[in-house]
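There are two complexes below, and they share subunit A, which is joined by subunit B in the first and by subunit C in the second.
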Partner chain A sequence: MTANTAARDIEAPGVRIRDLTVVYKTPAGELPAVRGVDLALAPGTITGVVGESGSGKSTLALSLLNAVQPPGRIAAGSVEIDGLGDVLTLRGEDLRRARGRQVGYVFQAAQNSLNPLKTIGKQLLDLGRSHEVEDLRGLVREAKDLLARMGMDGARVLDSYQHELSGGMRQRVGIMLALVLNAKVVVLDEPTTALDMITQATILRIIREVHEERALTTLVITHDVGAVAEVADSLAVMYGGRVVEHGPVTEVLGEARHPYTQGLIRAIPRLTGDLSLARALPGRPPTLGTLPAQGCVFRERCERRMEVCETDEPVAVNRDGRTVACHAADRHLTLIKRKEFV
Partner chain B sequence: MITGTGITKVFKQRGGVLGAREVPALRGVDFAIAKGGAVSFIGESGSGKTTLGRIIAGLESHDAGEIVIDDVPMSSLSHRRRQPYFRRVQLIHQDPYSALNPTRTIHQTLEAPLKLRAKQTGRPRSWVDGRAAELLAMVGIDPGYVLPRYPHQLSGGMRQRVVIARALTMDPEVLVADEAVSMIDVSLRLGILALLKDLRERLNVGVLFITHDIATARYIGDDGELYVLYRGQVVERGATEKIIADPVHPYTQSLLSAIPVLHGLERPGAERVVPREMQREGEPDGGCLFARRCPFSTERCANEMPVLAREEDVEQEYACFHPRRRSVIPVGVGE
Partner chain C sequence: MTHAVPGRPRLGAIARKIGGHLVRGLAMIWVVATISFVIIREIPGNPVLGQYESLIQKGMSPEQAERATAVLYGFLPTGNLWQQYVGYMGSLLHLDLGRSLSTPGVEVTTLIGHAARWTVLPVLAGTLLSFLLGVTMGVYAAIKRSGKLGDMLALSGSLLHGVPVYVIGLLLTAVFATLWPIMPSGGPVDVEFVPGFNAGYIGSLIHHAVLPVVTYTLASYGGWILAMKSNVVAVLGDDFILAAELRGLKRGFVFRYLARNAILPLFTILALSIGMLFGGSIFIEEIFNYPGLGLLLVNSISSRDYALMGGTFLVITVGIVVANIAADLLYTVIDPRVRSGGAA
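Up next, the complex of A and B:
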């Protein structure tokens, strides 16, 4: 355990996203999909980012590769990765090499990101050649090891086309391709969406185990709070392009401070406990066009809205290792007490 | 009341060097759905749950077995005379983005079936518009806003509500909801589930809920019945709350164990069951269908197929030679 932790301290790079703003060009002008996001991924940890559609979570993930596509544009901020520098300043060949080598990316629906006309092995060799890997045999060996590690017959999988593999197998192939060049920062975008329950549990376990064995810094993007809860160390909640809450996963879930996080947790049907306590969040998530120009982005759906929320955007405040961006967050305790009198 | 006995369906796959291959989708399934009741089919992909839902909605044929709707066996009727019976079962599609015709306004989408319904029930043409507005209000959306709009102008949650309103145009006795919330934003899901629950109570309409997520099934009908399907066989069946609290079949236990634990709010169950292997396609039959993956299987399981039955000391039915209660589901931290 100690040796493992020590290895992690040396190897796993930290990632610091600072004041990141990504805008998309629309007929109504440039609108921010991600705005002023500060997020640090501690070396050797798994950070989960949860958000609904339009929350900016996938855009945030793409920024780690400096891969936001037009009509999107990274307008401000920096993404610093240890040993690589600010990714947003990389251009051309340097950027291409960093993708895959330093930052591995498992795309949403890995099943659809594989080439249907080539075997997995061919795609692996393409990847190796494009990154000037000299020892291609070694690369194949490494790939087989990784696949075996994830419970698959490596030789068979490398000889297969993607249609010959099940959803769970393709997802694991995606993870293998992201790790085979020995990337130390790994981004997984919706790694378990569209998978069956048991397969999801297996993939989450594999992500956790591989993360620890290889001393990675991992970012998991998902809409599923449960999936993140199972795998992540820390949890960032995104809404309307902002990180509204961030902290250790057990604390954020156990004692959520932002009204959106609280509402999201309340809206999850559970296996035990009183069903009548589950409640839907009123309203619906904002889109780029319906984001309010000033004030808090969540105020329309918030049960604790105050006057100040209409005009001032809450700033993220860090207190005992947790970050919350809400005007009402500090009044949490008084509000709970008040309810008891009712 | 809709009942089915011995429903069997085999899909024939063509192609491959060995020629046609037969894939059993349903292996003699019995079920009963009462008016106003809640029945959930739980299982992974390939369990046959969607096929069974489509057969119940009259959208798919079956190879053997009988479906009885309000005491009338469907096999005794011609295809044409069956239609009025299957009208009483309406399907809510999984994907609200492709279930609505993009070239029609919501008004047009609801008008067509309502005109038909007016003709069937001898109501005047003027009834149609009022009914369309009434149905939209019933599913919790503003008719004035929605009626003149096209599907692309509505959010996913609103579209799913329109799909439900369209299903209600036929005055169904049973709604078949196949993964009805899996494509909806998380914060809006519970609203759709609450609507289905509410329709059950207000309209006394039965809900057949098909899902891989047992927690949502519990929300729709904790007083209802749960069927756990595996490769076309019902492996456990009984009261929803009972099966969640006290599952005895290792497959049910695997499904429940796979539900993510909300660390901070919950602790994992003490005896979580993890299958030995992943599911494979085209597995041969013989013995218990779950035997190869089951951590508790014995020689008997490999050779003999257990049938769904009830023992005296257990409330639910199950198909397993070695049933045992295990505490697999997460426990609330405060409990």
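Up next, the complex of A and C:
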């Protein structure tokens, strides 16, 4: 384990997102889906990003590959990846080469990230040729190894079409394609959504194992707090395009400081005990159009709303390794303790 | 469950598939033949019986008239429906479609064979040309859809799609045969050349075919460009295209992923329109005085030449049925999802 950790420290690149703002063009003008996000992914760690639909987490994930799709546009900020520089300044061929080779991206399971008309093996070869891989046999061997690591018959999978594979198998193929070129930064967008519980657990275990083994820096986007608790080292909570809380996963879930995080945790039904203990957050998550122009984005649904929340946007404050953006969090800390997360 | 290598169809399965298609195709042809038999016989004034009676009035003996009518239609004018039907089907099996009334004594199959020469090649050329052009431009229009060029291309498609084929044909003749006479105004070939494989004859053929082929191409180009554009836009929104880009695939690969997936649904339409070409294009053949199948059909209708009419309909049916089968088989080759029985 120590050797492993040491290797990871040397190899795994760090990722620093600074002041990232992504806007989407709408009839009402350009509205920010991600605004002023600062987030550092420590080398060799798994960072989880949770948030409701529309919180900007997928946009954040795409920004790591400078791949925000129109009508979206990265308006400001930088994404520094060790050994690659600022991804947001990459253009054309440089950007294409970085994608897949240095940053791997795994799509959501329910969506189809594979060409339905080609076998997995042929798509693998397309990938290799796109990245000027000399030793295509070696690439196939590597792919088979990876697939075997994930409990699949590599030769059979490579000879299959997408429609011949189950959702869980496709997801593992997606992970294989993201890793086969030896990318050191891996972004997983909703890797377990739309999968059954058993497959979810398998995929999460695979993510954890491959991450350890290959000394990766991993970002996992999800709306499933349970999934994140299982794999992540640190956790960022997004709301309305902001990272409202960020810190080590056990601390963030064990004693949440931001009222939104606290609400999220309260909303998780417990396996034992009264189901009615789980309380849904009141109100609805904001959309691009309903985001308040000033003040705290969460105040409409916040039970600890204060006067200052109406006018001033809370600044993210870093204290003992944790970042919280809330006016109330500093004044009187109400700690929500959940013993299963501690 | 025996699991064959995925994606590779077994020979037995292919044979079964082709066999099934053939049976269904023959059944369809049989149904159409039956319907056309009933219609010709039951049409007001019953042309078969009318022919028989008029021959008797011309002084033929009933036996002679009966035989003469039977030669025309392939079945005896007298006798009950069932006997006539068996007689008609019997001659169909011998590929005997009867004899033409308007061109006395000539077999319907001969007439159709002659006309087909003037239809199949030009229309086939026009179909393929418009398909290639429309599909290419459709991809372009989809990719550049937010720009001026894309708008122009899509607009050209909508416009041409809306203009009737005879307007295009007349316009082209007006411009290229009258105002600026570089093209012949009609006919399939200049009479001064000896038919055969000589440069003059073939050159004249091609020269005469240019305007009809261009007319046909322009007429169906609009449909292709619009269909291809919407397909490409749909596939562009599919996740695997974005996924391919995020994996850093070269543009060429991404483009091929896109094009192959978008063009797939168009192959059915292409196969069907190739089947339809056996019906010829009535307007184009009329405008350019091309003695093709479309003109043959129109003439057979106007001269109440029912044997010829029935024969032409049957040829069109066979063309479409065969094209349908070809489309289905083509699909099994190009779409792996169909190949393995569509199980997802």
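Rule of thumb we're sticking to: the second predicted complex is superposed on the first by the 325 of 342 C-alpha atoms of A that agree within 3 Å, B and C clash if a C-alpha of one lies under 4 Å from a C-alpha of the other, contacts with A are read in each partner's own complex, and residues count from 1 in each chain.
Basically, a residue touches a chain if its C-beta (ideal position, glycine included) is under 8 Å from a C-beta of that chain, and two chains touch if they have at least 3 such contacts.
Since we're looking at a predicted model, the values are computed, not measured.
In the overlay built on the shared chain, the residue A:178 is in contact with subunit C alone; subunit B does not reach it. Contacts of A:126 after superposition: subunit C is touched, whereas subunit B is not reached. Contacts of A:263 after superposition on the shared chain: subunit B is touched, whereas subunit C is not.
Contacts of A:293 after superposition: neither subunit B nor subunit C is touched.
By the touch criterion stated above, A:28 is placed in contact with neither subunit B nor subunit C. Once chain A of one complex is fitted onto chain A of the other, the partner contacts of A:198 are limited to subunit B, with no touch recorded for subunit C.
Using the contact criterion defined above for the overlaid structures, shared-chain residue A:117 touches subunit C, although it does not reach subunit B.
Touching more residues of subunit A than its counterpart among subunit B and subunit C is B.
Residue contacts after overlaying the shared chain place A:101 against subunit C, while subunit B stays out of touching range. Touching subunit A in their complex are the following residues of subunit C: 5-7, 238-240, 242-250, 253, 257, 260-261, 264, 334-337, 340, 343-344. For subunit B in complex with subunit A, the touching residues are 44-45, 155-157, 185-191, 193-194, 212-216, 218-219, 222, 244, 254-265, 274-275, 278-279, 281, 329-333, 335. Every residue of subunit A that touches subunit B in the complex is listed here, in rising order: 52-53, 151, 166-169, 196-202, 204, 223-227, 229-230, 249-255, 263-265, 267-273, 275, 278-281, 284-285. Contact residues on subunit A toward subunit C in their complex (touch as defined above): 65, 67, 69, 96-101, 105, 107-108, 111-119, 126-127, 129-131, 156, 159-161, 163-164, 174, 177-178.
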